[in-house]
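Quick one: the structure is below, questions incoming.
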């Protein structure tokens, strides 16, 4: 196997002069405070090793990357019935667009745009109090990451609660169409907290390993999902994981991935490993600019693209 | 390696009672005449073998599958400059939608929706007469398939020319935005003829082999594209190859694929082989209904999904 | 002058067999309880007379008709500056559509669709508590109607508050674009109460008289707006007063009018009088079905159309 | 009666320093050559008088104003059945938008946007050759204007034929939905020639007089339409006559009007007279900028607004 540490080091060295590129998300005040010059990257391989570079041990707000874990949790609860509530197609519009929701009568296009993730949060609530659902979600992420130190950043959650008007709009719109079972505040309570999860690249790479390893964490042996479900979540990440930049990410990187406006990206090389990268500056469709560049370098140097070596 | 012939046979046997499902495309009169009970499937592997089942030797109208070959040809002519003329994102709308084109000022979302393919045809024309461009395209397909017997069905081309009003609308709309360099009739002349290409599953599987084999036909040794470009075309097929059903196809099948309203699908298992399936009945987003089912069965039984085994 | 009472009587007699046509609004539970067989009509002329027929003295929920009075109040407060916050064009979409709002970045198309009226409510709030703004609005309507007995139906207001998810979505969406100055709950508190105003046809016809009489109530002599502003409000009613049925209403009736989902319509014959009609059954774009028919009869029999006699 | 000539003179004097404002239509090459500093205005009153000012005797390309006459002709042929082919609602989008056409399956929103006018041209063709339909249209306009010298500018027609790609797109799109009975080239042949009609303000004001005078030309006594139909055409002009600026025109001017990209506007004061104004510079929604200003001045100074004096 290639020397992954050397590859990570070379990527870091090449990107050093470009740190700070892109635009830090400013619509969530807490996120706007983040230093854009940070960069971390970690790879957890199915053989149990973790390599990393840069600020790979600094926790950041994983934001929408959390949607992968919440989707996994929801599928565990209701199985394929989930797809009555949310679609599986790329949206062709921005992550927070409401247009599609009106055209398709309250059914979000996929679980990785905001509306879809809000519907998934509603499914996970399943009659419980928001606090319990948030607790369940946190326990689940700690379980898949095998790390009890992972926490939710309350300031970020509060910041989003105070400013997330578009998400409130999306949730109420779905409620109007009967596609939310719980009160909007409860659902958004869960949603805003899930997005406020703080994880380092190393934690995140470990947490995503089940997607690369037929549904189980190869280190702990913990089974998370079936191999089939792992494949399917990967497929959704590839077609929908980067909002309206998913096609471009697949074209350039060739790996299933999910981005967050905190500047993180979780990518999966099926059968090989799970990669987390973090660089706060975003491109114009809201994905980490240098994060995608780093993953493109990695895919080229390792030959890990799912589309051929 | 698994016994591919046995797998093909089992798929065929299971699907026999369902032949005729779906709805044959009726907007092109010539296509509406096709017997919906036909079914063929062929696999060409990188080791040079071809296995097939059912009506795998009967030529059918490959329609939009031709967009893969035309894209390959255009990239060969103008390289990555092509992306100034057409995007790389899933459309989130029907294959013949014009809405997106107005919103994004004449730039089609990707080369696999009709508008995008028309722009690609315009690129391939590059100052030549339509007859020459069509000839060049036909020679190219014969070259990648290593089969001089492949032809264009003039009746189908004529049928489309007489009834393809939406495509005429799309082309004129792009022309209005300055995104066509040649007269609309010339561009559509090329487009309608490319779609009217007749190929059997066996021919098609062979023709697609370069996408599975790092850009070269392993049998003939003919180099078609670089390994990088092969990966990228595969990526586009996965995110955009089934119109507004691309997410679902990736979810269920997990292979890059391109469908045509003639009922064919070309799928690629990178590093392994190229698969062609044909069943004329379409589902409601315009993709072969049983073709997708057959490919799902194949992916499950072979473990070829790019998203994990 | 024609014998208005005779005309009203003839309209009522002709419509009697059709009472109950259309569909009572059911998305606000309180409104769904209304008996669809009621019908009232009243005309207040600039000479101070009021003629009426049927249930013209029964108060009903005027709903969106209140937007005319709220607009008048807002224009009085901020003048033409209001048009920075809301447009003056017909929407081409449903009254509660959010699509346009995204396309035009939080600026509603006109003050008579829900989003526009919510923005107008925000303007009227102007730093006050919702209770005060509601009080000011109620006083204003009582002033223009010269009737202190007019009230707001709290059950209706509460019913809307509990079920108006789409309006909550619209308000939050505008808030996200910075087009609301006050908390969403405050703005909607005003909006839901203004819509819950109860008025009879007779009260409503009197209240609208200033629009027919150069901006002043000819009976009381109360000046409400300038003649120019009265004309302009009439123009908005004609182009935008019936949502996506405004063109049809202008075509058939030829008078400025504003409808409400309670089944009421206020129409204005400039220089002549103000007409209120009430019939709870709605047509498919959400306007009173028989109300429009009655006004068409009236316009034909009186020659009051603004488009010629 | 007010001294109309004095009012026209005062408007002209005030606007003189502003001549040249706006942007001359450039998408039809022939129109782009017009001197933007020209300005003419003419009023034909129901008593048979015509007053004018400026370049009121210079013929200009009336473009979309022709849609009023074509609509009149089509209604004469098929009556209210026309409304199965085209709607009566403002569009909420640009004059040449195709988005609405897809959403509403080939039925244009109204007869005054391009798609709607193309459908109306198809109705007028009614099985005849384009040349005959164009001849019939020209005879009709000469009849209503009582002026045999009116002609079609073939260079403008040819210019549009060569560059009107969007209109070709619109027509083919409707054809795809089955909303055109004749070949697209025939329909557009009629459409492009109708738009190329050359008329002076004086001719145009006379031609529009039937709309102000209960459907008949008061000078010649020629009956064109019934009083009811005249009202209805006026209503359509008011709600839809200025594309996505119709609401604004109604708000400021208060008269039914129809604009053309040649810089002309025809307005109607029901019962009083017909007004034509011409100033080539357009505002951003494609209507004559100073033409609308002139009409606003006129409406204020005469009190002719249909919405009150």
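We call the chains A, B, C and D, going by the order they appear; numbering starts again at 1 in every chain.
By our rule, a contact is a pair of C-beta atoms (placed from the backbone, for glycine too) under 8 Å apart; a residue touches a chain by one contact, two chains touch by 3 or more.
Computed from a predicted model, the values in this text were never measured in an experiment.
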### Query
Going by the average position of its CA atoms, which chain sits the greatest distance from chain D?
A
### Message
Looking at chain pairs A-B and B-D, which one is connected by more C-beta pairs in contact?
### Response
A-B
### Summary
Note: chain C sits from chain B at a C-alpha centroid distance in Å of 55
### Summary
For the pair chain A and chain B, the C-alpha centroid-to-centroid distance in angstrom is 32
### Message
Rounded to a whole Å, what is the gap between the Cα centroids of chain B and chain D?
### Response
47
### Task
Quick one: which residues in chain B touch 2 or more of the other chains?
none
### Query
Can you name every chain pair that touches?
A-B, A-C, B-D, C-D
### Query
Within the complex, which stretch of chain D touches chain B?
97-99, 101-103, 165-166, 168-173, 175-176, 184
#### Entry: Touching residues on chain B, where the partner in the complex is chain A
87-93, 100, 109-110, 211-212, 214, 227-228, 230-232, 234-236, 238-240, 244-248, 250-251, 254, 256, 270-271, 300, 305-309
